[in-house]
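As written, the chain order gives the labels A, B, C, D and E, with residue 1 at the start of each chain.
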Amino acid sequence: MKPLLEVRDLRTTFAGNPATRAVDGVNFTLDVGETLAIVGESGCGKTVTALSILGLIDEPGRIEPESVVEFGGVNLLTLEARELRRIRGAEIAMVFQEPATSLNPVLTVETQITETLRAHRTISRTAARARATDLLELVRIPQAAERLGAYPHELSGGMQQRVMIAIALSCEPKVLIADEPTTALDVTVQAQILELLAELQGRLGMAMLLISHDLGVVAGLADRIAVMYGGQIIEQASAAAIFERPMHPYTEALLKAVPRLDRPVTRLSAIAGSVPNAATWPDGCRFHPRCPHAWDRCRTSHPELTPTAAGDVRCWLTDEPHRRVR
Amino acid sequence: MSRTLRLVWQDRRARVGLALVVLFALLAAFASVVASHDPTAQLDLVGKQYQPPSLAHPFGTDFYSRDLLSRVLHGARISLSIAVLSVAVSIVLGTAVGLAAGLAGGLVDQVLMRGVDGALAMPRLFLVLVVVALWEDIGVVGLVLILGLTSWFDTSRIVRAEVLSVKSRQFIAAARAVGLGLRGIVGRHLLPNIAGPIIVMATLGIGQMILLEAGLSYLGVGVRPPTPSWGQIIADGQQVLRTAPWVALFPGLAIVVTVLAFSLLGDGVRRALDPRSQ
Amino acid sequence: MPRICAALIAGVLATACVAERIAPCPDDWCGTAVIATPAEADVLFPPSTQGDIGRSIIDLVFTRLADLGPDLNTVDPTSFEPRLASSWTREDSLTIVFSLNPSARWHDGAPVTAEDVAFTYEVYRDSLVGSPARPRVLQIAGVDVRDPHTVAFRFPRAYLEQLFDAVYHMWILPKHLLGAVPRGELVSHPFGRNPIGAGPYRFVRWRAGESVELVADSAYFLARPGLRRVIWRSTGGDMSAAITQLFSGSVDVLTYLPPEAVQRTETSDEIRAIAYQPSTFYSYLLFNFRDPADPTRPHPLFADRALRRALAVAVDRAAAVRAVDGADGIVADGPVSPAMWIYGAEYERLPYDAARGRRELTQLGWRDSDGDGVLDRYGRRLSFSIIVPETSAQRRRFAQIIQEQFKSLGVEMRITELDFNTFLQRAETGRFDVFYGSYGGDPSPASISEVWTRDAIGGFNFGSYVNPDVDHAVRTALDARDIETARGRWTDAVSLINGDAPAIWISCTVPKAGVHRRFENVSIRGDNLTATLPLWRVPTARRLPRDRYDN
Amino acid sequence: MNGQPLLAVDRLSKTFRSGGGLFGRARTIRAVHEVSFAIARGESLGLVGESGSGKTTLGRLILRLLTANSGTVHFDGTDVLTADRRTLRALRRRMQIVFQDSAGSLNPRMTIGSAVREPMTVHRLARRSELDTRVRTLFGEVGLDPILVDRYPHELSGGQRQRVGIARALSVEPKFVVLDEPVSALDVSVQAQVLNLLADLRERRSLTYLFIAHDLAVVRHLADRVAVMYFGKLVEIAPTPRLFAAPTHPYTTTLLAAIPVPDPRRARQRSMAGEPVGRSAGPDPAPAEPQPGSQPADACPFYPRCPHPAKDERCRREVPLLREIGVGRLVACHYADPSAPDRPPA
Amino acid sequence: MHRFVAARLLQAVAIVFLVGTLTFLLLQLAPGDPLSSTSSSLLVPRTVVEQQRRAFGLDRPILEQYVRYLGNLARGDFGYSYREHRPAWHAIRDRLPNTLLLAAAALVVTFGLGIGLGVAQGLRAGSRVDDVLSLVSLTVYSTPVFWLGIVLLLLFGETLRWLPVSGATDPVVYDQLSLLAQAWDRIRHLTLPAVTLGAIGAAATARFQRAAMLDVIRQDFIRTARAKGLAERTVVLRHALRNALLPVITLFGLAFPLLLGGTVLVETVFAWPGMGKLTVDAIHGRDYFVVTGAAVLAAVMVVLGNLLADILYRVLDPRTREAA
């Protein structure tokens, strides 16, 4: 069966001096009802990947012409603006990181929900209003009818994010892209939102692309996980495999660096150096300056994402496993 | 700061502005060398009244048979000095008041800012006009002082806002935490971080001041003759716009180009300081 | 959007049509004059009105007992023209009796009576009203009502200009409208902005800051005015804007044309320049005889008669006048204006002789010892300042030219342009070296006594000039009973003044107004733009649309 | 170590006024309300709370970067809040702070070398000739390449900037450092570096820490004891292992339960097991500003969200006070179980 | 909201009082007085002047005059115009409507043109059109307002003769016209001064609006709007413009003093019978109470403008509304 959404060779660059290749050849697929998590640290290109899918890259950014985002057999990147708009919000919806800034401060919750409905469906004002109330109830906002008249600043951060989710769900999309949906929220709220997302996805049967920097956040939700580093996917596998047997040294180090409640207090194993800059990706393997296993080959030649039994990995260690330092 | 300068220089429009400003400043500074005539010399009252532009007098001559090119060049000196000096006065005052209000806060802030509100409620031209028109023979120094003393209100407001914003930033708290005193915080941390907006205000303010001085001269209360300021030359040419348009044309163009240059430069500096506003 | 455009265009066309619908003027009595003025009238209450504009309006709305003839002769009784008074007789050397025209009516229909004349006299002499004409009116001892149409003026002494003083300074006011108003409130009474007179034109409206409109009084008891309407339109102080409007045809008359614009009329099909004949003005650089820093002491420079004379002869006034006033410029030759009947008499004048001036300065010990280009003597530089009113373009120009002339002589004259009020205040308090004055309006030589005598100190003798011989000559001239004696005394006085050089007289050039060529029978009397305006008319063939508007 | 604590905070309160001018009406917000605790020499106290709980304000109050409304702070026996200028200056040599926002806490117009040098100049800690050496030494100590001294903050990465902040705080050789969310803005890989660095420094220099964080997992690595703040008040203080093993206050429980575990099996297990992940139908935690009038002043602040089975009318009418329920354990809940076993950490 | 308005009104009264006092003192401290020379010639003898000075109380101490003036002002009496020989309020009243008309028309030009241009530029930032428009607006912004007026006057008034160049009405025909034609006459007279006065403001507004638009267009919620699949028109008009107008509203408050200052020059160029010209004439003529009255009224207009801007801001920006 063909996947619901397929991203092939996605490259997004930003003009400037020097130009930056924020996303540099990303491939993945998303099946119906599946949750794929893209995980990575700041500047790895995960958000730009999400935005590129719906062509939401602004000047001076540019999606390279050979990139393909196939949805329902159509390459979204070659669609006319009007046709693309029919997909946005209706077939593929998005939830963003900062609900406080992602909602228009001068419009009421009702306007912001119903305008999506009215943009994609032929629906009367009253019906749209009723549907908006239903949606607010769906995302568990108490006194939904009253909240319709509220402005975003009158809601707490968690409520705002629920409104964002309600907007995203208004046209029952096939794909929900959630870009760091809980990063700006407190932990207790984060837990609620994550639970809500999980529940809604199950109920509505939509596929979800979950983007996060936090392995803990995706652990409970994702079926598959893609780890990004330096604008590329460096490892992709089922959630269980990633957490149990990380293949890429970066994934491995990342898991060790997270302080965890479920493990005894030990010294954290840090990754040396700092996150690379999109303007100046290192030559060879992009992780090599921070990699404890790196040897000459890593410095000079760039590894490809290679399928293995457990998943795909972009590392020369798959060729020469003996090089792994113990 | 050097980064800012580099950014300003990379901005094409700011570069044009800067070049023009420097050019006018040089012309003003060396007016007596560049100009072929004494700006007040009446060359030939009967034979050379209102000569249209020619090789001998590229900008023509005026009623008194004076060489207009020389007058415009010397006018640059007067107009620019008045503008620069009065802006200096207003910036110093505005910064002082803005700092005081922003740092002290509370009642001091309230009183100062309500006073500034009051002053801003009075059209600036009106305020200057009352003072300049009524006081006899105030001279260039007086004019500079009056222009400066009546134009610092905006500056003080903006400086106050900047102070409040910088004051709340963590590096100020950090400086306090390491035991730095008020003077050190203002001098080392606050001022360097609000210098940018102040420079922008000063640059744009010079242009506006040139316009204000010209407006006053047009109303007959600016610089008094025979001292040639641009506004005053225009006011002179005002009488003969139809028959000898060049008298008012060239100083007018000089004003437009100069103010434009300062605006381009000011905008450039602003862009350099705030890359978001590209 | 297109619908809105269409509606807009339709509306514009409709209104344009309305605007062009002109009512024919009744009786073929047409003509509208739009007069451009730089400023606005102050008030239209004759005893208080001071500006030229206000005076030009009240001269049409109100009327005097009699008026001067076109030559402005103030001493020849035959040159006076009847107005409200149809005739007058001299009963004795101290009394003149006027017979009022019985058909004279106020614009509200009430007849003009002798009571009105007596009332007017009382108003003008009342200190609560504070009329500028009051000192002149005080020359009259009293006004007696003989009968409703006869009124007698009594004088305390016999002198030549009794008739002039009796008729010229007062426009007759309606007692039946103003008699009950307390004197102190007359000036601010609404009448001053809505006047009712007995003159050739009725007041219609005053749009503040914009225009004053008069319409001819069809019941005027003398000859019917030639133009139906007169409108004063304020064009602001911007001379070039006013000139633009004149030449673009939106106004008919501009009260003053600078020489550049006069030149332009020569090639214009629409506008011509009409001179104010004869001129009642002269301008002068007045020396201060007192030290501005300490008025009890003489002025360090100008107390010296020889220095004043040296400076006076050194100024090439002819060249300056030519440059400023154009080819028609007239150099003033003493404290007299061309309108005065003594103008051009055989009084002494100082010649122009720059070499002589230079020589005299050297003889007085002024040398440039430090080579700074300015003469000096005993460590004092020959440097002084002149105060000039910024409102007068003409005086500003003269000052700058004379400054350059002095400069070539080694004399430094700094120009201080002042706001008019400040200028006047500095003059009144003697805080100046040189004052650039202008005197005018009054065609009588009696005005000399108001500036150049000891009695005028504290008045208009700002420079504190005193010469007992001048005072004596002026006194005898004022008291003279025949024209020849008076002329002789005035000539003596002017000669003495000229010899002392208390001032450098500059220009008494005849000013010119710009007037549309369609008006016929146009002349302008030196003392008032509108004195002869009732005679102007527009020939049928040359009427413009605005001439046909009825009111 | 003598018996006296290094830092003693007693009934410290801070109210903010917002809005209002000469004529307007001001609103007041209680940010910190009657907070008392002490930190022993060499101890590291973790202070945990969600946004708006007042934890950052509390940190600033202790250093007198903000003026408290009431209460006292004693540092090594010296009253901080009433100290005169000289004493305060001397205190600031011994108490330092590292901020969360490493970009904002460094003057963008100053090189990082001068930023580290400045405190030493202010306190005249070194001769001019020695300054450079000392800056380099400090750089080395916090793991910064001394080559970077002449760089500006914007030229560095977040982790490097945070090291500069630490170097600056250490430059005056303090005894006590407030760490105000020092790693929350950092990437995971860098966060671990900085946490390790802070642990090393504490050991090497025998520092006392007040470690402020919103992330309990992070606190666990660096704190001997943990204090939990909610709504301007302390709701629980306990030694770290015991707090994690057996939280007593329902808020602490909620907080612990909400922390995502980077392990798919456990994560699923937890949500299946119906642990109190926070009722998704329940309202969000109170916003940063208490809504005036939305809550009676004499109620337990956690009452509206409290999942405790025993919660009742008393919680609505009576504010629970912090009370001792075990050795070194204090809790502000009417129904916290004092007999909860002190289990060793899992 | 009521409380807010009340507080602001109180503040406004204080500001107006401040301006009145400042003007009064400035005028009193200046040399000369209204009667030292009410005329353009030297005809009034000094004894007469002294007498009138006493009659008007100008010989009294400044403080006494000030207190009396305040007392009168509180009763709505603006004092006496020495030049027009009538209550100063009447002199002002006759000109006020003209200035309000001019200011209103100029405001329409300022904000209509300015916002339109600014939005257009903001949406095409960096394009050639944007560059050219930026330069044009900057040039207009750098032009002395009176100079611009003169240029327009020469071009449209004299050379092309399309529009009248002086006054607010055509005094020759105005009173004979139908109401509609009178309105048309007024519009024709209003055009040049309003465009002159408005053009400078429009240039400033366009620059401001462009920046505001650029700022908003980068915001997250614009990305949200696009991600919802809204039409570009909706994104720009409903989402971007409504937010980008907010900073411009502040400009609306600031525009008033600028505008009133500009009226002084523009009214002089076009002989517009308004307060600006009255004020200049009154300053030169030492017509104290007219100057003070005009200053007080100008201040009233400015504070009302600010108040209006603030209220507008509160209406348009829900964030600034008081929490219910």
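Just a few scattered comments:
Heads up, the rule we're going with is that contacts are C-beta pairs under 8 Å (C-beta built on N, C-alpha and C of every residue); 3 or more make two chains touch, one makes a residue touch a chain.
Given the structure is predicted, the values throughout are model-derived calculations rather than measurements.
Note on connectivity: the fewest chain-to-chain touch steps from chain A to chain C number 2. Centroid distances from chain A, each centroid being the mean of CA atoms, peak for C. If each chain is reduced to the centroid of its CA atoms, chain C and chain E end up 37 Å from each other. The distance from the centre of chain D to the centre of chain E, each centre being the mean of the chain's C-alpha atoms, comes to 54 Å.
Between chain B and chain C, the centres computed from C-alpha atoms are 43 Å apart. Centroids built from CA atoms put chain D at 88 Å from chain C.
Across the assembly, chain E contributes 11, 31-32, 126, 150, 154, 158, 218, 268, 284, 286, 323 as residues in contact with two or more other chains. For chain C, the set of residues touching two or more other chains reads 237-238, 240, 244, 247, 391, 419, 422. By the touch criterion stated above, chain C contacts chain E in their complex at residues 11-12, 14-16, 18-19, 23, 32, 34, 39-40, 42-43, 45, 48, 50-52, 127-128, 130-135, 184, 187-188, 190, 192-193, 205, 207-211, 213, 229, 231, 233-238, 240-241, 244-245, 247-248, 250, 391, 419-422, 424-425, 428, 437, 439-441, 458-460, 546, 549-551.
Contacts from chain B toward chain C in the complex involve residues 40-42, 45-46, 49-50, 63-64, 133-134, 136-137, 220-221, 224-226, 238-244. Within the complex formed with chain A, the chain D residues making contact are 50-51, 157-160, 187-193, 195-196, 199, 214-218, 220-221, 244, 254-268, 270-271, 277-287, 345-346. Interface residues of chain A facing chain E in the complex, by the touch rule stated above, are 51, 54, 56, 58-59, 81, 85-90, 93-94, 96, 98, 101-107, 115-116, 119-120, 151, 153-154, 164, 167. The touching residues of chain C, when paired with chain B in their complex, are 237-240, 243-244, 247, 258, 260-261, 263-264, 319-320, 322-323, 390-391, 393, 396-397, 400-401, 403-404, 415-419, 422, 426.
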